[in-house]
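Which chain is which? They are A, B and C, in the order written, and residues in each are numbered from 1.
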Amino acid sequence: MSLINLLDYGSVLIFAITGALVASRAQLDLVGFAFIASLTALGGGTIRDLLLDRNPIFWIDNPTYLAVAGAAALAVFFSAHLLESRYRTLIWLDSFALAIAVAAGAAVAIGQDQTAVIVILMGMITGCMGGLMRDVVVGQVPLILKQGELYATAAFAGAAAAATGRHFGLDPLLSLSACALISWILRAGSLALGWHLPVYKSTPPKV
Amino acid sequence: MSLINLLDYGSVLIFAITGALVASRAQLDLVGFAFIASLTALGGGTIRDLLLDRNPIFWIDNPTYLAVAGAAALAVFFSAHLLESRYRTLIWLDSFALAIAVAAGAAVAIGQDQTAVIVILMGMITGCMGGLMRDVVVGQVPLILKQGELYATAAFAGAAAAATGRHFGLDPLLSLSACALISWILRAGSLALGWHLPVYKSTPPKV
Amino acid sequence: MSLINLLDYGSVLIFAITGALVASRAQLDLVGFAFIASLTALGGGTIRDLLLDRNPIFWIDNPTYLAVAGAAALAVFFSAHLLESRYRTLIWLDSFALAIAVAAGAAVAIGQDQTAVIVILMGMITGCMGGLMRDVVVGQVPLILKQGELYATAAFAGAAAAATGRHFGLDPLLSLSACALISWILRAGSLALGWHLPVYKSTPPKV
């Protein structure tokens, strides 16, 4: 199994769990769980593949991804009641899925010899779009729009690390690990410690 | 006219009417009606065609589909006030459109000799995505997320029937009819008689 | 630089500003500004390119578009507080972006020798979809659904002018200028003077 596959499986699994958790908050049935789980888990990579004109789409080429998403939906359906706080679980799992998916997206673009800008964007799109669709479909404020949290920024920094590593000829395993780690540390630091960039304030600065 | 075309026309017509009914609830003008009608009617099949890399997209290849959607929008614009309950009309028409569109999506995937899993998914995507986009754009809770109703499940069962029929070499007309019928019966039974699968409950089961 | 590029740059720049203004209302950080700005600015043209199977997508082919969107996000981040009314600025800039993007979308379809119907639709899709995604993602009522305003209608009229100009062999510069001008005049007249088409009323007409 190639590194790209491994990253894709990891992000599909974890994003599927977050999608199923959202489905549990909406009290859907098992097929509804699988639907939202698949949309979340496969959405970002699908958009990436459409934009890069990869054929076939990764989960049409290899339906194991669908099995992973379905299994995650099934597991959450029967176990989510064991969680103390589904929302906290959701945002923390989302942080892992984000980090891995950014690396998966960047890896595909690197494999296509795309420019650094496209590598960074494919990392961000793969990382952010599945969760964004999950949140929009169920009518919640997307995590990416939460004020004062690093989300798109975490994806950007990680993807930029992958592009930089490629530029300096680092081993892909190393630079993609750095990518995922940087994304996750920034996102986790934002969730746990309140790290953030200055946000826009409508009042004029004091100078 | 092939069977696939017939199914596509049927689902485009009925989904367009549901889109126009949603536009009437938002009190749009005639072009707004046509826009939402087209998004609803053509959305699911467009995503299917993009995912399967069909070129050109079905309504670019054959603009008659657009004419059908436009005519439906026009008809609803001048007649929706005759309906006693637009919402009831909408959800019942949506059930027919869902059933036919699932068959249309499955038929395309079968025509491409895709695996059973992809046949099922293309049925579900074609059936569910147009209505989902319609509901998300106007800011309503998508029908597919209504708690305790069969929707994704109805699409899944119908699409699975189509894949099963193909596996056993049934006549396509027969297996696609079974697909549409099963999807519709499950959805209609859910609407009229309250059929549903167990939904997720956050309280632990009693055993 | 070709005429199509010029139109694309213009619509990307102005739509990016509207996206960044929406991000300022949501009080995001700089990367969040760039994300929403890019989604808005590049979304419509991306859907157009996917539907027409153009490869590569325009901003993958030419990342200058991304630089334009990023620069717009940066400029808005540091200057939006100078505006008296961000919402008024947003809807007026959106009207310019709409008009230019309709011409850009129609131009691409004309360049592919598509039929008049597809030229009109690509104009409408390129003009309307970026702003629609911007509004849906942040959970606002899309401008295109505002009751009693011309929006889809303005895009339709402009795109129809471009298709008509092509039919009669007008110079592209002339017919695309007419396209943008007609779209903008209708949208601006709607905003400033209340121009509108009859909207659907649920009460029966008086005859």
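Quick note on the criterion: a contact is a pair of C-beta atoms (placed from the backbone, for glycine too) under 8 Å apart; a residue touches a chain by one contact, two chains touch by 3 or more.
Chain-to-protein mapping (UniProt): A, B, C = Membrane protein.
What you are looking at is a predicted structure, and each value in this text was computed from that prediction instead of being measured.
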item: Same-site or different-site touching of subunit B (Membrane protein) by its copy subunit C (Membrane protein), using the half cut; value: different
item: Rotation angle (°) superposing Cα atoms of subunit A (Membrane protein) on subunit B (Membrane protein), nearest 5; value: 120
item: Between subunit B (Membrane protein) and subunit C (Membrane protein), centroid-to-centroid distance (C-alpha), Å; value: 29
item: Touching two or more other chains - residue numbers and ranges from subunit C (Membrane protein); value: 50, 136, 139
item: Contacting residues of subunit B (Membrane protein) [partner subunit C (Membrane protein), same complex]; value: 23-24, 26-35, 46, 50, 55-57, 60, 63, 66, 77, 80-82, 86, 136-139
item: Complex contact set, residues of subunit B (Membrane protein) against subunit A (Membrane protein); value: 50-53, 114-115, 117-118, 121, 124, 128, 132, 136, 139, 141-142, 144-145, 147-148, 150-153, 156, 196-205
